[in-house]
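Inspection log for the structure reproduced underneath, given as structure tokens.
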Amino acid sequence: MTAHPVDVVSTAPNDAAADPYDAAVGLSATARALYDRGWMPGTSGNISIRSGADAVLITASGLGKGRLTSADTVLVRADTGAPVRPGSLRPSAETCIHLAVYRAFPAVGAVVHAHPPYATALASRRSRAGGGPVRFTDLELIKGMGRSYLDSIEIPLFANWREVPRIAAEVGEHFARPATDPAPALLIAHHGATTWGADLAEASDRLECLETLCQLALLIGD
Amino acid sequence: MTAHPVDVVSTAPNDAAADPYDAAVGLSATARALYDRGWMPGTSGNISIRSGADAVLITASGLGKGRLTSADTVLVRADTGAPVRPGSLRPSAETCIHLAVYRAFPAVGAVVHAHPPYATALASRRSRAGGGPVRFTDLELIKGMGRSYLDSIEIPLFANWREVPRIAAEVGEHFARPATDPAPALLIAHHGATTWGADLAEASDRLECLETLCQLALLIGD
Amino acid sequence: MTAHPVDVVSTAPNDAAADPYDAAVGLSATARALYDRGWMPGTSGNISIRSGADAVLITASGLGKGRLTSADTVLVRADTGAPVRPGSLRPSAETCIHLAVYRAFPAVGAVVHAHPPYATALASRRSRAGGGPVRFTDLELIKGMGRSYLDSIEIPLFANWREVPRIAAEVGEHFARPATDPAPALLIAHHGATTWGADLAEASDRLECLETLCQLALLIGD
Amino acid sequence: MTAHPVDVVSTAPNDAAADPYDAAVGLSATARALYDRGWMPGTSGNISIRSGADAVLITASGLGKGRLTSADTVLVRADTGAPVRPGSLRPSAETCIHLAVYRAFPAVGAVVHAHPPYATALASRRSRAGGGPVRFTDLELIKGMGRSYLDSIEIPLFANWREVPRIAAEVGEHFARPATDPAPALLIAHHGATTWGADLAEASDRLECLETLCQLALLIGD
């Protein structure tokens, strides 16, 4: 008689937004996972989940992402980014970029922003070469960016203005223009990558695919 | 008196196919392990185990590989790829490639398909340079590809057709041709790598060796 | 009714210096974490926490950093580096560099020294190209080095003298010169990187940001 | 009142050879740790501990290193490499290389052989460039190779003969020649790296330092 091997149940919630506590746990678990990959060094990076029609739950500013717990999140108003309740934690300094994405895409339920090295480096290289979107051609992982197979996908590239609201304004303007099937991602030169999806799992999955696409682009070369 | 250090018992099953539940646990544990390495970003990749003479158990389509559990697998017919029992989960969209391998090699018990970065990049580089098999020479890890030491090994390279059955057909045609000691692996340009073996452990071990061979080829250069 | 997903509480102390035992646990936990990243291969690297006005707790010399426990630390005098109490453990051979940093910056509570590969390689490349500080421009992660956004940051680069006290003396001389907002970090050519902060978490966060800045510089190229 | 942070006790034995069971646990724990780093893909790599004057305990042949347990080791005679007791497990096919090292260095208590990618690639590059030892200059981690600081260290490079005993014979001949303070390591072109030390921890620490030295050499360039 042989014992069955142990079945490991994932702790990553698939529908973290269903409950405020679950949402906060999902944000902190995802932050720690991205930190463990090296994509949120120190206190960098920020993640959010849409909470009802008028609010967004986002990671707090200035805390080490490898040590984040569910208490380290702040509920902010979707229109202004101001905290819904006064408290000691400040929302991420990049909250306005998240809000620009939620306004542009009503079906989006979660936004992830991190500093994965290959995506950041590719964005900087493209910026130095004159800017414009980063285009991937032929690679199978394009499918992982939330669409059926296409011959290519373009990820918009934004400048890293010192004033974060200026980045958010450019993101908002970009996505206000009509577009066919825009990619669920953007790059900021010298800074990092942002992805989004219906829920936190989808947004995070897409960040992994984007980073691998960028790694492949750098490994394959021109 | 000193306490003995703790002995850790591996949870990876060595003969997962002996029992349907074990097989499902083995598939999901292997998927999570390959996800943790970064070789199955997001929902990408798929793994299967032969189940008797007429069926194959394969990972379901569209689920995050880092969150996979034993429930996320589908039993399909080995001849058509259709689910044996109706259910809500769809089998992987690349089931037909797995079936082509099982048909070509009756002794194969498991097939692993993932997107390891060095193998994928090397396949794409070779494709751009005109295609043909990827050949490794002299490297000791050739032994890890399931054969005694040889001076070289050739891994066949396939095009990444938009229609997956066309890839599967080309894989089937390739292995239908008589060959001496064919490698237990194939590469798909711009896509990824597939390996197989008598059981899941052997198929997975070979994927690790193939990825390291590709990493070494890129590090050593021409 | 659905169970809440598990909330994981971080074991990394945020204010490890508040208690001597906590400080020792913090040092060993941080050493193991940096070892797991590959930044403290074998017995290399050393970490310290300021302990009151006159002493510093530092990791012991010659012990494997992946096996470090809270017992593997030594309390030394801040003026001489000699152990406060006689014992079998010797303090790190690089204690004098830590002390030079504590003397230069009274607000610093912790110092981390490790051998992260990109920082070490970039320091060596800069040394071969004639030396002088390593300068980062535009990159968002400059913010992670403990300052508001600046267009650039300069990390001083020191030579790796065979006699460690000579390195410490040059570090002390460098920081004794008046400077506006010096970076909380230094590089030693062919050797590694040292960062500091108000507490262990801040010093360690900054090391992660510095290593990522160096990785980006190498990936982006000239 | 604040709870003390959790102190994690390492499970890696520091003196695994003191007891046969501890030695077997140490071998398998080290194998799994090196597998987790990606340095023992599939079933590759082998580790041994000296067991008394006449025997060596070594990992068994052909088993996945990520799944190794204490039962997967074989006691062999130090003179012939034959198993001390008949059994179903075969000792590693590279046992003879381990024995050559033990014969050359009576104080050595453990030998580790793995396929770390940077060491393997550097060995192959050096072989292609005409062979001869791999020399490291100036790098601080030279200290981690078991010696006081030197301006340089030379790691002997061996050819990867198809017949393993021929490699072992060349290793034995090399170390039979008088040498001042030989490095506790060797490289085999297209194959991997071997290190040794007084105990398993020291041998393993040195492998980490050697791999980092090789990574730095490749990152720094010529």
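Every chain is named by a letter (A, B, C and D) in the order it is written, and numbering of its residues begins at 1.
The criterion applied here is as follows: a contact is a pair of C-beta atoms (placed from the backbone, for glycine too) under 8 Å apart; a residue touches a chain by one contact, two chains touch by 3 or more.
Everything numeric here is computed off the predicted structure, so don't read it as measured data.
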Turn needed to bring subunit A onto subunit B - CA fit, degrees, nearest 5: 90
Subunit A-subunit C separation of Cα centroids, rounded to whole Å: 30
Intercentroid distance (Cα basis), subunit D paired with subunit A, Å: 42
Set of subunit B residues in contact with two or more other chains: 12
Set of all touching chain pairs, with the criterion as stated earlier: A-B, A-C, B-D, C-D
Footprint of subunit D on subunit C - complex, ascending: 11-13, 16, 18-19, 21-22, 25-26, 28-29, 32, 38, 41-44, 64, 66-70, 115, 117-118, 120-121, 124-125, 128, 160, 162, 188-192, 218
List of subunit D residues in touch with subunit C within their complex: 2, 4-10, 12, 14, 37, 138-141, 143-144, 149, 201, 205-206, 208-209, 211-212, 215-216, 219-221
